[in-house]
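In what comes next, subunit A is part of two complexes: it sits with subunit B in the first one and with subunit C in the second one.
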Partner chain A sequence: MLIIEQIINGISIGSIYAMFAVGFGIVFSTMQVLNLAQGVYATFGALFTYFALTLIGVPFWLAAILGVTGAAILAVIADQVAFEPLRRKNIGMLGAIIASIGVWIALEEVASILTDATPIGFPSGSIPRESISIGGVSILQTQVLAISLSAIVITAVYVLLHRSRVGAAIRAVGFDKSSAMIVGVNPRTMIVSAALLSGAVTGLSGILLVGGQSFNFTTGNVLLLQGFAAVVIGGYGSVLGAALGGVLIGVVQTMSQSFISSAFQDAITFGLVLVVLLYFPRGLLGTTETVRA
Partner chain B sequence: MKSKRSLHSLTGRKRSRTAIVGLAAALSMVLVTGCGSTDSDTSTAAPTETSTTEEAQSGRAINVGLLAAETGPLAGAGGAFLSGALIGQQLVNETGLIGNGNTINLVIQEASEDPARSATVAAQIAADEQNVGLVCCILSPVAGAVSAVANRDGLPVILYGATQPGLAQPPYIFRTTTMPQFANETLGRELSEETGLKSVAYIVMTDNEGIVSQSESFKAGFASAGVEDLGTVEIVAKQTNFASAATSAIALGAEAISISATQAEAVGMVAALYDKNYDGQIIGLETLTGVGVFDSNPDALDKVPFPVYFLPSEVNEAGQRFVDAYNAEYGTLPDSFAAQGFNAIWVMGAALAGAGVEPTRASLGESLNALTEVPGTIYGTVKFENGQMLAVESVKIVSYSKPDGVIVPWIAP
Partner chain C sequence: MNPQTALALSALSFAIAGSVLALSTYIALWTGLLSFGTVAFAALGAFTTTFLINNMDLNFWLALLVSVIAGGIAGLIVGKVFIKLATHWLALATVALVLIARVLVVNFPGFTGGSGGTVVPVKLSIWELGLLLIFVCLLLSRLAQSKFGIAATTTREDPQVAASLGVPVARVRVIAFGISGALGALGGVMLSTQLGYIDADTFFIALSVTVIASVVLGGAYHWAGSVVGAAVFTGLPVYISQFMTHGQFIINGLLLLVIIVFLPGGLIDPVRWRRWRARRAGPGKSSQPMQSSSTDAEVLS
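What follows is the complex of A and B.
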């Protein structure tokens, strides 16, 4: 029973990693930006939800929608203010990384001011926190929510990116902006759309991460390393790969923490990254890149 | 090609210019050192009776550095420490604790509880000879970094928050942190005796040495009461999966679970155990105190016992004066972090009182080294052993109470 319960714990946290990784991966594959501020979007998703619950007093589901929307808009603003000027000047990835660090620090300071740097939590009773017992295995309602929402959202993102014209346009811009322009795609619109989608998904991951827990202005940062590792394991440009990577990391971390030692959980996670890269350099489900001679 | 005569002329003019510049430089040096000598002569000369009386009446502001942490991950606690320290400055000056008309002036520099930044800022403070001492350090790694600077520059330091054993190292490093280890051991022993506890499991943040030492003190306390240790579940800083650790801890089947972790992780673990319907006794560290902690998870934190040295509702005369001043300034009661910030400045003031009419780093260091006890603190009379303050009389077992989260003496269920 303990093993089953820990596997469920691992899938639950892995689902949150997966959602964050999908959001992280969208930015990376579309804009070629390693956005180190992505974790702060997760924090702001939870923050906006908290303020909606406490200041406006709406039900949790509506507060979560507002939180996700707020995180999405924040991601667009950050992209247009920090990254778009660099794209116009063709500044490479290094410049974008440095800019993302600036965005990270600035937004984290804003979050610190908004929360007075004190821990906060969703009001008592606003989020379902009961425990469900199935055959002696205890599962939290927040875990059921995390797993089911992640599955739905990641599936929706996959369908959007791979079965819709908007998704095709977003992927085209990520592949080759110039060629996309030739066929009538507006790159800026698609980049903004990608930022919006990335921010929304990341914001939702932040909301699910803190559900039932207290959190502070740095909470979202814990997702950054895991999300990056998930993208590397799953494969750049692959939504399903990032999702798979996230769940895999969640389960491996949980099992290593439970049955080996928590001291090694990060070492095991990134050891896994190295092993995957050795045998699957483009990730488990990474796409191959074709270059014409 | 220049003629020889021209070259000679040029060289001659160059030599003249050089001589003039050198003479001007020499004159400047004489003037500067002369002024400096005059100043130092004034400061080191035995004061005349008149000047002593004048200085006693007017006194002077004695600069003491303080590394603040109003930004960064510890901004919440850092703000409380700073708020308490500022009240400390106020009351030290209002009561004339230092004597000779002297007052304490805190030179506050933001360091964000980052070791590298704190060491740099500490070095800047040490470079200014006007600063005779330094107060700092919530985290043990920060204390270690600052201690290296202090030892190098001969700057007496009072640590007010770092809990790792062994940090107090006279002749320059002293600590007024109310050491949680003693409080934890007391809680473990007294709670076990009161409730008849038979078994306990531990959740420990193992990548923080200070926290690990605190868990060892819990174990010592429980062991002294004959409570069986059923095992330890390890967590880390920046823990993401509290449910997993809670599952492992509950599976050990203990009547109580003792959590040793920093604030965010401790609250996360308490909440996870609560969500998993753990029906045993959950026990926490002093890290559960702090502004906003209860409100972040009131249902889980209600009635979880933890030890403190300072409780605003049960204070002595000095403590009441502190509470009143704090409340008047900030409109709220001080927590144990604010109390530690206050007490550090109060002890600094007491040490400055023994450092002479015009305290220097050397005289302050001597005074701190000579301290064996300080009466009249908010913790009662405190003792000093090898630079470490001991406040054994003032440990209290407390818990939050719903609905307002007021910290009250804990009552066994």
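What follows is the complex of A and C.
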């Protein structure tokens, strides 16, 4: 039964990576920004939830909604402050990466000051922690929550981006801003919507990652690294690719941790990333990228 | 020694070591590639030197030489493997390189001391550090005049045009990675002698962010920029730490944003200076050919 439990553990952590990777991918595919500050949004999602639980004392579901909202607003502010001026000046991709590093280290320091750089955790009893046993396999309730919420959120993002008019408008802006404007799409609104959506999804992944454990101001970096790996492996610009990449990373990590060596699990993950980057630069499910002259 | 002087000297030492690391990243950016890999090469250099001194009883300078050569070879290999990636994927691949380097450091305790880290048995004086930096700067100013320098600049401005002019773009970039690896190893050794103790977290994302910030602040158009940038991002924090314990990174982050938005060419930007001088000379008098095509942001686009 160990192997089944390990697979479920892997899928559960992987579904959180998947959610983060989807949030990361929304920004990349619509705004061409490789946002290294994305991990900090996840930290702040967890932090806002923590403060809502401890300072206001609201129930967990409400605190989580507040956390998600906070992370979404933070993402929009960061986008408008840091990336909007770059878009206006037409500074390309490497400039945006550097700007996102600026946002990352500044916000991480804010998080460190807010938490006094000490580990914190959601108060006990605020979040369900019992385990359920199904046919001899025990699953934590938080794992069920993570897997089901990820499935719902990722499906919703997919439908929104690829099957709705708003999603079509967002993708149109990402593809060609001026053509989008000609057909009556307001690019600024769409960019803000994409940032909002991405921040909300990322914030939720941060809350789920933290779950019942203690965390500190660098927690989001774990997600950034694994989410980045997921996006590379799954393919950019593809919601389903990023999601599958995340689950794959989670399972590979848990498996290599229990059956190969826990010390080398990160080396295995990032070795996999390098192999994919070198041999499938568009990811396993990525679409081909055409360069417009 | 007066504690203020001691602190200032310590700040200066860190700034010098940081400058060499920044120059290592600068070399890659010179050919238009953003590389986080410097830190991985720095780890290679620092741990190799320490290992050679502690276990092989090698003289420090000999150990340094071996490390720099090892860094150069590692740089060439990494460059050769990564060169086929487009520029932003290459940046990401170098991030993965830094992550893997940390795992390797933790898991080869015989070589690196593992997660416990290792004590660096040598401490370089500020004069020795200064001489090393001057040597590197001389090398770079020679390089800037050389055929390689011209090829690198052309490659950065427009790889396609460079290729059509007969510049071997891929080879120039691989060589840049090799030099970047050698300088990264040198900078890593210099930094390690100032820290006195190194472990897996010494050479990790935080350091690569600082190094990149230094290069961006200084500008990608002249090697002197990286030295200035390193003074701001690695020297100044050591000195300022006596006044403020928190918030240094908030300032660094915002500074980075302000630079990239308002001064994308960095502080040391010869094109901007030339334009400024031409403007002062008055319209019509300027005999300098204007590089109108190389606008501020192009290296970063």
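The working rule: the second predicted complex is superposed on the first by the 280 of 293 C-alpha atoms of A that agree within 3 Å, B and C clash if a C-alpha of one lies under 4 Å from a C-alpha of the other, contacts with A are read in each partner's own complex, and residues count from 1 in each chain.
The working rule: a residue touches a chain if its C-beta (ideal position, glycine included) is under 8 Å from a C-beta of that chain, and two chains touch if they have at least 3 such contacts.
Note that this is a predicted model, so its numbers are computed, not measured.
A.B. asks: Following the overlay on subunit A, give me a clash-or-fit verdict for subunit B and subunit C.
C.D. replies: clash
A.B. asks: Taking the superposition as given, does A:118 touch the first partner, subunit B, the second, subunit C, both, or neither?
C.D. replies: A:118 sits against subunit B, while subunit C stays out of touch.
A.B. asks: Looking at A:6 after the superposition, I want to know if it touches subunit B, subunit C, both of them or none. Which is it: first, second, both, neither?
C.D. replies: A:6 contacts subunit B only, not subunit C.
A.B. asks: Of the two partner chains, subunit B (first) and subunit C (second), which one does A:109 touch, if any: first, second, both, or neither?
C.D. replies: In the superposition, A:109 touches subunit B and subunit C alike.
A.B. asks: Should A:250 be classified as contacting the first partner (subunit B), the second (subunit C), both, or neither?
C.D. replies: first
A.B. asks: Does subunit B (first) or subunit C (second) touch A:212, or do both, or does neither?
C.D. replies: A:212 sits against subunit B, while subunit C stays out of touch.
A.B. asks: Considering only touches as defined above, state whether A:222 meets subunit B (first), subunit C (second), both or neither.
C.D. replies: A:222: touches subunit B, not subunit C.
A.B. asks: With the two structures laid over each other on chain A, which partner does A:176 touch: subunit B (first), subunit C (second), both, or neither?
C.D. replies: In the superposed model, A:176 contacts neither subunit B nor subunit C.
A.B. asks: One more residue to check, A:101. First (subunit B), second (subunit C), both or neither?
C.D. replies: Touch partner of A:101: subunit C, not subunit B.
A.B. asks: Flag for me the stretch of subunit C that overlaps subunit B after superposition; candidates: 78-86, 114-122 or 258-266.
C.D. replies: Answer for the clashing stretch of subunit C: 114-122.
A.B. asks: For subunit A, give the residues common to its interface with subunit B and its interface with subunit C.
C.D. replies: Dual-contact residues (subunit A): 109, 112, 221, 263, 266.
A.B. asks: Hey, which residues of subunit B end up touching subunit A in the complex?
C.D. replies: Those in contact with subunit A are residues 70-71, 73, 75-76, 78-79, 206-207, 234-236, 238-245, 247-248, 251, 263-264, 267-268, 271-272, 275-277, 290-293, 295-299.
A.B. asks: Which residues of subunit A touch subunit C once you look at their complex with the stated criterion?
C.D. replies: 34, 81-82, 85-86, 89-95, 97-99, 101-110, 112-113, 221, 225, 228-229, 232, 263-264, 266-267, 270-271, 273-274, 277-278, 281
A.B. asks: Could you list, by residue number, the parts of subunit A that touch subunit B in their complex?
C.D. replies: 2, 5-6, 9-10, 12-13, 16, 109, 112, 115-121, 124, 129, 131, 138, 140, 142-143, 209, 212-216, 218-219, 221-223, 226, 250, 253-254, 257-258, 261-263, 265-266
A.B. asks: In the complex, go through subunit C and note every residue touching subunit A.
C.D. replies: Per the touch definition, subunit C meets subunit A at residues 34, 81-82, 84-89, 91-93, 95-97, 99-100, 102-104, 106-107, 205, 209, 212-213, 216, 246-250, 252-257, 260-261, 264, 297, 299-301.
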